[in-house]
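Listed below are the structures to be examined.
Each of the next two complexes has chain A plus one more chain, namely chain B in the first and chain C in the second.
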Partner chain A sequence: MRKLFAPLLVLTAVMFAYAPVVIANTRYESTMFLVQKIFYFHFASWMAWAAAIGVCGIASAVYLFRADPRGDRLAVAGAELAILFGAFGLVTGSLWGRKAWGVWWQWDARLTMALMAELIFVGYLLVRKYGGPGAEKLAAGMGIFGAATTPFIYKSVDWWRTIHPQTSVVRNLGETAPDMYGAMLFCTVAFLLLFASLLTVRVHLESRRAELDRLYLALEDQP
Partner chain B sequence: MSFATTAFLVLKKDFTIEVKSGEILYTTLFFAVSCVLIFAIAFVREGQPVEGAGAGILWIAVLFAGNLALGRTFERERYGETVRALLLTPAPRAAIYVGKLLGIVALLVAAECLLVPMVAFLFDAPLFARPLLLAAILGLGTVGFASVGTLFAAMLVRSRTRDVMLPILLYPITVPVIIAGVLGTSALLQSPADEPVALLWIWLLVSFDVVFVTLALWTFEPLMTE
Partner chain C sequence: MTRGLCVAIVFLFLAGAPVLAGQQPATEGFVPASELPPDQQLPAAPFLIGAYAFIWLALVFYLWTIWRRLGKVEQEMRALDERQRSHAR
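Our next item is the complex of A and B:
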């Protein structure tokens, strides 16, 4: 993984540097014009958020059922990145909403659920920090449940129709506006690569920390 | 011993203790009633209750009381140092979980039997217009909330900070259940009652319950292993 890290980082940096050009080259949306351009980063950050939650949920399950400490490290990295990308998505969404709907925040189904999912993972970190001994297991339970509620967040907009664009908008974009679809895919890949590099760094840090703890313990055991 | 027998025995044990002391039932009921009274102070303007507040008040009272009850049931196990004994029994762990869950659900249903008439009476809410639908929403919502609550309360027994941690973990995760419960109930409180919307939320509650109970049964065993 360490060998792959440098190319991954370079590729991510290049993609992010080129992303403004890709976005600038897409056509203007017919009603929102320039404001709609935030969509490319907004959508991409939610995709990275979904990936982070998936990683956290699966890694939590692996930790819980296999008692593999690597699962725990991956889960904590996933939860932190879920908070990061979720915060980015909420902020870009709020900015977009201010211009498109006229309000910063709307108590729409998906917005509410996204905020709650954000709270779940903040709760996850709180449990890890203040849960005392055995908190990793508690947090793993939280991670599994958090990941399980996320599909409901995704589907909630279809069940409870409100002003947030329907999920089919993105699906139909490929036929109606291929240039916009291309830019969206480009940004999504860039965000996923950013997610992958941050995840690698974070997991690496966590395993260094575990190694340090192990060394301290070994030192104390010495006569 | 079969799964159902074990679950029933755990439930019977809790029920016997509760009948003797009445501690959790009375404190929970009293707390729920105080909650409703505080809302009455906040939401009654010039003698008239705010329209549509009934559903939210009912659910908040149930959820707060539920949090209190969940904390207390496992506190008793911890205090009597019977958690380990319970987990050492050669019975499926999931059966112990089901027994505990049924106890919490029964307790909350008892609280709801008091709260529903009280909210209907104090806030002039037509809660008894569709009794079956209301019972379905309350019952399913309680099961969803209690299934996650029982699991987390059991996990937190060993944690030092369990009193703060339980609500922190529980409320964000059960938010889908809370939303479905509150919106389903307020659909019933409209005049005339919006039955299709209420039914939609009932189906959503069923799906949430299935997911939460399945996940809880699946994770209870590894989460309770030291």
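Our next item is the complex of A and C:
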């Protein structure tokens, strides 16, 4: 993975540098005009968030059931990135909503569930930091349950009709506005690459911390 | 006491009347944001710039925290290494 890191980072940087050009070249949506262009980073943030939550959930299960410390390192990195990308999605959504809906926040099913999921992962990190011995296993349980909320959050807009657009809007975008769909895919790939780059760095940090702990233990064992 | 209370209630009604009279009638039905008068419409650019700026700033801040945490761990490892070496001597 370390060998892949440099090309991954370069590709991510190039895609992010080119993203404003791609977004600027898409047409304006007929009712929201300029503010709709928040969509490209907003949607991509949630996709990266879903990837981060997926990684955290699977890695937590691996750590919990196989006691593999690599799973724990991956899970904590995933949880932290889920908070980061979740914050991107919530803040950009709020700014978009203020202009398009006239409110900063709406307690509808999608928004409320997304906020709850964000809080679950904040809780995950708090449990790890202040939970004392065995907190990693408790946090792993939280990671699994946090990941289990993702399909419900995704389908919430179809099950409970509220102000938030349904999932079919994105699905139909390929037919109704191919340029918008292309820009959306471009930004999504850029965000997923950013997620992979950040995950690599964050896992490296956890590995170094684990090594430091090993060194401390070795020093204590010395006569 | 009762007289004072009655005077206060009458005063409240009289004082509240201009406020109630000045209120706008309730809007019937949904009014699209694009049909609002120009003085009530919000400009889109600050929201768009704000959204993208937030992502960039938060990302830079997060990268800085990772860099700082990594530096701290490396520094601690170097100190531990030196301690181990002096211990071996």
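FYI, the second predicted complex is superposed on the first by the 223 of 223 C-alpha atoms of A that agree within 3 Å, B and C clash if a C-alpha of one lies under 4 Å from a C-alpha of the other, contacts with A are read in each partner's own complex, and residues count from 1 in each chain.
Rule of thumb we're sticking to: contacts are C-beta pairs under 8 Å (C-beta built on N, C-alpha and C of every residue); 3 or more make two chains touch, one makes a residue touch a chain.
Just so you know, these numbers come straight off a predicted model, no measurement behind them.
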Does the superposition put A:L217 against chain B (first), chain C (second), both, or neither?
-> neither
For A:L64, is the partner it touches chain B (first), chain C (second), both, or none of the two (neither)?
-> first
Go through the superposed model and pick first if A:A24 touches only chain B, second if only chain C, both, or neither.
-> neither
A:L95 contacts which: chain B (first), chain C (second), both, neither?
-> second
First (chain B), second (chain C), both or neither touched by A:F41 | second
Partner chain(s) touched by A:V201 [first = chain B, second = chain C, both, neither] | second
Touching A:A87 in the superposition: chain B (first), chain C (second), both, neither?
-> second
Looking at the overlay, does A:L138 come into contact with chain B only (first), chain C only (second), both, or neither?
-> first
Note which residues of chain A are touching chain B in the complex, please.
-> 64-65, 112-113, 116-117, 119-120, 123, 126-127, 130-135, 137-138, 140-142, 144-146, 148-149, 152, 156, 159
In their shared complex, chain A is touched by residues of chain C numbered 32-34, 42, 44-45, 47-48, 50-52, 54-55, 58-59, 62, 66, 69-70, 73-74, 76-77, 80-81, 83-84, 87
Chain C partner, complex, touching residues on chain A are 31-35, 37-38, 41-42, 45, 84, 87-88, 91-92, 95-96, 98-100, 102, 194, 198, 201-202, 204-205, 208-209, 211-212, 215-216, 219, 222
Chain B - residues contacting chain A, complex | 148, 151-152, 155-156, 158-161, 164-165, 168-169, 172-173, 175-176, 179, 200, 204, 208, 211-212, 215, 219, 222-223, 226
